[in-house]
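So, here's a batch of structures to check.
Okay, so subunit A shows up in both of these, paired with subunit B first and subunit C after.
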Partner chain A sequence: MALSREIYQALEDIVGKRNISEDIGVCETYRSIPSQSSAHYGPSEHWTPLPQAVIMPGSTEEVQNIIRICNKYGIEFKASTTFWATMGYIGSDYAIQLDMRRMKSVEIDVKNMTAIVEPFAVAATVQAEAMKVGLNLNIPGVGCSSSTLASTAGWAGFGPASIFMGASPENLLSAEWVLPNGEVLRTGSLGSGDGWFCGEGPGPSTRGILRGIFGPAGSMGVCTKIAVRLHPWPGPADFPTRGTIPAYKADMGDNFKCYTLCFPDWQSWARSVQYFHESDVLYIGHRQFTMFGRNLKAAMLRIITDPDKQLCDLPTLLEDEEIKKQNESMKLDYQIVIAGMTERDMEYKEKAVDEILAQTGGWKNEMMLEKDMHDFALLYLLRLGHKNLNYVMCGAYEGTFGLSGNVWKTIQVVEDAVKIKRDWEINYDHIAATGGDSAMGGTSALGGGGWTGWEFFTNFDAYDKESVRGTCKFIDGNQEFQTKHGFGPDFCRWNADVRHMNGYNYTQEEHDEIFKNAPQPLVYAYQYKIREVVNPNNLCGSYLRTLTPSKAK
Partner chain B sequence: MKEKLIEIVGKENFSDNAEILESFSKDQSFAKSMKPWFVVKPANSVQVQGLVKWANETRTPLIPVSSGAPHFKGDTVPSVPQSVIVDLSGMNKIINISRQQRMAIVEPGVTYGQLQAALAKEGLTLSTSLAPRANKSVLTSVLEMEPRLNCIHQFNYTEPLRCCEVTWGDGNQLFTGEAGNGPKDLQKQLEAEKFQVQSNGPNMMDLLRMVIQAQGSMGIVTWVSLKCELLPSIKRMYLVPAKKSVDLEDFVYKVIKVRFSDKLYVMNKAYLANLLGENSEKIVKLKKDLPNWVAAVGISGDILLPELKVRSQEKDIEDFAKECGVHFLSKVPGATGEEVLTKSINPSDEKYWKQTYKGSFQDIFFITTLDKTSIFIEAMYELAIEEGYPTEDIGVYIQPQHMGTSVHLEFNLPYNPEDSKEVNKAKELYTKASKKMSQLGGYYARPYDIWANIQLNKDAKSYNILKQLKNIFDPNDIMNTGKLTLK
Partner chain C sequence: MALKDFRPMMERCSTCTHCKFIPFDKIKSIRFAENCPSIGYYNFNTYSARGRFQLAQSILDGRTDLNETVTETIHSCTSCGACDVTCKVCRYNLEPLEHNIELKAYAVENGKVLEGQKPVIENLKKENTMIPKAKKANRIDWAKDLNLKDLFKEKAEVCFFAGCKYSYDEKLQKIAQNTVKLLQSAGVDLGYLGAADNCCAGRAKQMGFFEEFDNSANNNIKAFQKSGVKTIVTPCSDCYHAFKRQYAKLGLEVEVLHIVEYVDKLIQEGKIKFTKSVPMTVTYHDPCHLGRLGEDYIPWEGKEKKILNQIHTWEPRRPRYNGAYGIYDAPRNILEAIPGLKLVEMERIREYSWCCGAGGGCNVSNPEFSQWTAGERVTEANATGADAMVTACPWCKDNFLDAVDENGNKIEVLDIIELVRQAM
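And then the complex of A and B:
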């Protein structure tokens, strides 16, 4: 059902003619094919629905007025900014897409280490501004080209630096939030006009209904401005980069070091991670380059750091004895960055890393100590600007398994998961054969350590239906494994209960059937009740997981 | 009524004794007194749930109390008649300690002394609030967001609190955070190596945040999981004296920014004298001897090259002090770092240290940023002069929190409860200063007593949403009725 002229005119009156469109060519570009880009419900052959219009508000007031119109006429709406994932797109036919790119300001309170950001302040911009004043921010795994506000208020938000900087829920201070009913709520100290410094209270925190372990993925209105906590940056005011795309490198000086730490077995690996959780040594801790696969990573690192090399060089490189040696060396590895706040601090951190390696029988990989390789890996991890490399194998990827949580439990089953993936790689040609183990992720998804967040990068061809379908079967098998070992949903199935494979929303009845069987169904019943308060017309799609209270046991 | 309550908790855990009721009718604050109807002491969460269901059926207000007397903030004093005190102090088990995960799970009646002793055996400790009362409940302390001495490890505003079991005002019971994603059976979760580490969630909302700073007005929490730290093998405390609080600002910002120290706070001499002095005479003397202001900086090392870490930070922080024009010392006139450390991290003697000087006190605390603290301090002194309250008695405590993005600013106003003139002056100053601090931008995140009116009146939208949330979790308004409402 197209928007009536009356409605379209009302929306145009809010943002002006230049900032709204119902042109089919424009609207088509606001559809997502969930076969790639962290749809988190598995590869699918379907596109998300076509929006009736795309609108670009320029202020909180404009957002509020758009939402008022949506409530008046029962139009679904969803705001997105950098459109990384399918969760940013609408889920029904009578819906409009808000594109928040006009709102992009960044203000930094240097002393109190806070940035106040609008939706289109992408992490790269916030980081560039922060570095000028000796600060930095947690850039989640989504990478630096994505909206800081979206990952902080709207989704998960952990990344390589979370061990030092905390994950997004930990960094969120006050927020300005247009509720789905059109009211504007300012959380914490901002509500009383006292400043952006505290997101909690007064009394119980309304911030608790803004986001939990995940944000509501656009299903609870629109955040128009938030404050995020920043963290120390003991480096230069900008990255001293050199090299050619994609192999940019940075010499950050003596107070930054990037190492690939390697271990003889998973027990030693986990013990070393626990040491880092218990100390304040790491700036970044991440198992990054296994994303290319256990058998390929050394060769892939040679390719992506050398502009003269291409993927077709892979077979040759894999025959190289030195590459084989390096691959074997970093079979069970992760990357770290240490950053010295002072010379003495750097000396302590260097010795602490050596001590941990001595106590766990670990070592530093030699190849990753080469100057160019070091400077490449360092910049990669500090900036997270190489998201394109996720796609380099086959054009599409999904994270699978997701053995997150207690690292000591994870390592008990990780090799079983590796074997499942390796068997699939060998027996079928739906996914890339990279060596089974492609587990990547943070050494901690929480500030200070204590909870890991892993995914097995699984590369497939989104334009080959057999590859898409085969990958889905592979993931179904993984889910059985996950359930058997008590790990919850496969990383790739996180959103399987909030959007159908055909791209459309779930109905409440469908949600009830799913969530009445949750371990603690009341969680979803309370989410339903809260939605009733702030989103009485249920206009933001089905990403918020809810259970009709009468159906909670 | 009585019979049903006795049926739930047992005869020995029910009381309508006049003396006991009287003891719960008031606290040491200026909150209006009101006698409760009964006092009950549940033994477990099943009984707690039974009490909440009974309260809903009978529309009886319940007031959860976990710490022993005396209380100081008015939150445990009934606001409405026929309230029942739910005394949780008997639920005092340490349910689990995991050295591997650095996690502990405790019931409401567990005190800091009890917990720290048990943790020490495992090589752990819990980041504490400043010299807590001997009978202070750890659970209440973390739920009510009492500021921690170590802001550097406060990654989340709610640290070290992670997950909890809560019986909401509607009688439903669930776990929050990571624990809410597993079976509602703590033992089964522990057997499956799930350690209630992740505080956010369980899903797309943070239900924990519905019970923090709530003064028991949303539900009753019957256990919490807590993130612990390694017990230091070396711990030192240094003191940085200054004439004015502003002289310490650059130094404090600098130390926090690089994440050095494991404890960091600022006090004026009145506050520090109260903390250290064993009696009134000693406090008076200390106030003469101590510097006007002191920043206390703790440094520790644990299992990973502790000597090198401590030595390195000592030298660096000393350099920062020089750059900021202040001195980094192991002692100042009237106090050594070691004395300050010992008093700060250990529970108070049975008589709470804030009562030592004059017998009673009233605190005013709120959240702001470090660079604005001097504005509030100046305003408080001006008001005290106007009200004839002795400015030299005003204690000031600045506790950076949440990694330094904000500070807890606390004014301590001691008075003699036997002297009606002093009582009136303190009360008048408390009332006027509370309003003034709010006007200047002080944020009462924990709005006790008169602060509820002051703070909630500044933010109608938040108040309206809070009321609707309260209606979801406590539809019959039986949980600590009258608190966190506009009057």
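And then the complex of A and C:
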């Protein structure tokens, strides 16, 4: 059902002719195909539905007016910014897509160590503005191309620096939130006219409702502006980059060091992580480069740090004895960055790292200590500007398994997961053969430590439909492992209960069938009640997991 | 390649948003973080490289037709290649720029062109120039009294190729004349094609008019070959790119140098000496077709080969054009050699420079968009506090001349040769 002329005109009157389109060509470019890039939804060959129009608001008031029109006429709406993940797209045929691109301001409040950001301010730009005044922010693992507002207000948002800065749930302060019914709610201190500095109050404390731990993925209206907590940045006002594209590097001086720490076994690995959680010396802790696979990571690091190398150099590099030696050294590893706030602080942190290595039998990988390699890895981890290397090998990937939780539990089963993936790589050709272990993720997804967030990078070819279908089979098989070990849904199926694989929303009846059997069904019934209040017409898709209260056991 | 041959790229694009920004490691502020004029001006995702992949896919799949909006979208791309550079920070198997131009060619093949493009292409066919209303008969008027050798009558070491903009634009002709005088005074044995001097048609290629480009290029290659040209020196970045990259694909085997490369060499050899101070602070604008698109052409024929099950490689090794080896240092060397001159850099430079807005013929087909793009660059130049913006391309210079920044201010725009002459 196309929008009536009356509705379209009403929307056009809000944003102006230039900022709305129902042209088929424009609308077609606002669809997601989850085989190319889904984020927690799994490969699928179905496009999300075609929006009836795409609209680009330029202010909170315009967002409010658009939502009022949607409520008046029963039109689903969903706001998105970078249009990377499927969760940002609409899920029904009678829906409009809000593209928040026109709203991209960043305001840094140095005194209160906060950034007040609009939706299209991506993390790289927020960080660039914060660095000028000695501050920094948690950038989620997906990279600095992500919207800071979307990841902070709408999704999990943990990343390499979360051990020092915390993840999104901890960094969201006040928010200007246009509820799905069109009302504006100013949360935390903003709600009482006291500025943006606090998410809890004085004023309405709604952080738990607005985002909880994982965030509502755009299903609870539109945040038009939020404040995020900033953290100390003891570095220069901008990155002193050098090198030839794409192998940019940065010499950050003596108060930044990046090490790849390696261990003889998983027990030692986990003990070192625990010690780091307890010692509070890390700026960044992340198992990053294993995303290329246990067998390929040293060779891939050589390729991506040399502007003249390409993927076709892999076979030769893999035969190189030195590369084999480095791969073996880095088999059970993770990367850390320490940042000295003072010279003494840096000395202390260096000593702490060495002591933890001594106590756990670990070592620093020597290849990663080479000047160029060090400066590349350091820049990579501080800005996360090369995160699209996630896709470098095949063009598509999914994070699978998802061994997220207590590190001591994770390490008990990690090699079993490695074997499952490695067997699949050997027996089938659907996914890239990278060595089984491709577990990437933070050494802590919480500030201070305590919870890992791992995914096994599984690379496949979205153009090759056999590869896509084979990858789906691999993922479905992994679910048995996940369930058996109590890890819940496979990482790339996290959103499979909030959007059908054909791209459409779940109905409430379907959600009732799913969530009535959940371990804690009242959580979903509670969310249903919240939705009733703020989203009475249920217009933002089915990413909010809800259960009709009468169906709760 | 035809549009359908780009389908693997359309389906392997990871929708990552990198194509809308300069390389993330290089971002210094939110104000100058973006790289694509097209999405910068029009805002819809459709105008980004990712959007263009998706638009093309929907056209090939029959979900979208070449309606008026789609046609305008396709042609509203300056072909500047900024998306291409950023995409390739992390990807080895996508060619967004090549695809954007192929999509234009698809529209052209289907008769879908913009009104503003018609007089440009018609004049290319009729008068051998892409300057509307210009006449072939007047093409070499600018070269009168310069004692340039006609290479069809006598031999010379170097063929000077001014290009349409310098040849016809009265504001710019003096720069071409001074360039010739500069080279002659440095003892360069200089000639030109005389009556056989015609448009390089590189901009026709950028606009998707492949047939018109091929016709012009093949005629020009014959002229170069017949006149025995060994080295071409041009002050125009579009001509430079056309000869160095596009003509090379068609078989032109001559040395191609931009004037900045040649002057840099002459300075190093002591054949150009500066005697006057030029007490100015300037900022340098890297022309797209000299910088990121100015890399050498490397012949390649091969096919995709998967290794380790699904990893994409090419057999044999495929050349990678990502702006790494464009012409960036030569103009800066010249500016730094000028006594009294101070160079201050903008935030977006070298391979991630912002486009002037004239590329892809957008200065004639989409003038408002083109001027907005130029204005963005003037804003960036003024933010450096420079007295003037220097460039090495007549299309850039011309587009900047009328542009104003976000506060309505202009900036003095100089061709690098103007500064060189001032210092002599």
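The definition used in the following text is that the second predicted complex is superposed on the first by the 546 of 553 C-alpha atoms of A that agree within 3 Å, B and C clash if a C-alpha of one lies under 4 Å from a C-alpha of the other, contacts with A are read in each partner's own complex, and residues count from 1 in each chain.
In this text, a contact is a pair of C-beta atoms (placed from the backbone, for glycine too) under 8 Å apart; a residue touches a chain by one contact, two chains touch by 3 or more.
On a predicted model such as this, the values are computed, not experimentally measured, just so you know.
Visitor: Looking at the overlay, what does A:L446 touch: subunit B (first), subunit C (second), both, or neither?
Guide: First partner only, subunit B.
Visitor: Go through the superposed model and pick first if A:S44 touches only subunit B, second if only subunit C, both, or neither.
Guide: It touches nothing on subunit B or subunit C.
Visitor: Looking at the overlay, does A:S467 come into contact with subunit B only (first), subunit C only (second), both, or neither?
Guide: second
Visitor: After the superposition on A, what does A:Y275 contact: first (subunit B), second (subunit C), both or neither?
Guide: In the superposition, A:Y275 touches subunit B alone.
Visitor: Mind working out whether A:E170 is in touch with subunit B, subunit C, both or neither, as first, second, both or neither?
Guide: After superposition on chain A, A:E170 lies in contact with subunit B alone.
Visitor: Touching A:L185 in the superposition: subunit B (first), subunit C (second), both, neither?
Guide: Only subunit B; A:L185 stays clear of subunit C.
Visitor: For subunit A, which residues belong to both interfaces, subunit B and subunit C?
Guide: none
Visitor: Touching subunit A in the complex: which residues of subunit B?
Guide: 100-102, 145, 152-153, 155-158, 172, 174-175, 177-178, 180-184, 192-195, 197-198, 200-215, 217-218, 227, 230, 253, 257-260, 302-305, 308-309, 312-313, 315-316, 319, 367-371, 402-406, 438, 441-447, 452, 455-456, 458-459, 461-462, 465-466, 468-469, 472-473, 484
Visitor: Inside the complex, what are the residues of subunit A that reach subunit C?
Guide: Counting only subunit A, the residues touching subunit C are 19, 21, 23-26, 28-32, 35-37, 54, 56, 82-84, 99, 101-102, 104-106, 121-122, 124-126, 128-129, 132, 143-145, 238-239, 241, 244-246, 248, 250, 296, 307, 310-312, 314-315, 379, 383-396, 425, 428-434, 459-464, 467.
Visitor: Touching subunit B in the complex: which residues of subunit A?
Guide: Per the touch definition, subunit A meets subunit B at residues 109, 111-114, 134, 166, 169-170, 173, 183-189, 191-195, 197-217, 219-220, 229, 231-232, 234, 274-275, 277-281, 341-342, 344-345, 347-348, 351-352, 355-356, 405-406, 408-409, 445-448, 450-451, 486, 488, 519-520, 522-524, 526-527, 529-530, 533-534, 543-545.
Visitor: Which positions of subunit C touch subunit A when the two form their complex?
Guide: 7-8, 11-18, 21, 23-30, 33, 43-46, 50-51, 54-55, 58-59, 63-65, 67, 69-70, 73, 85, 88-94, 305-315, 317-318, 320, 322-325, 351
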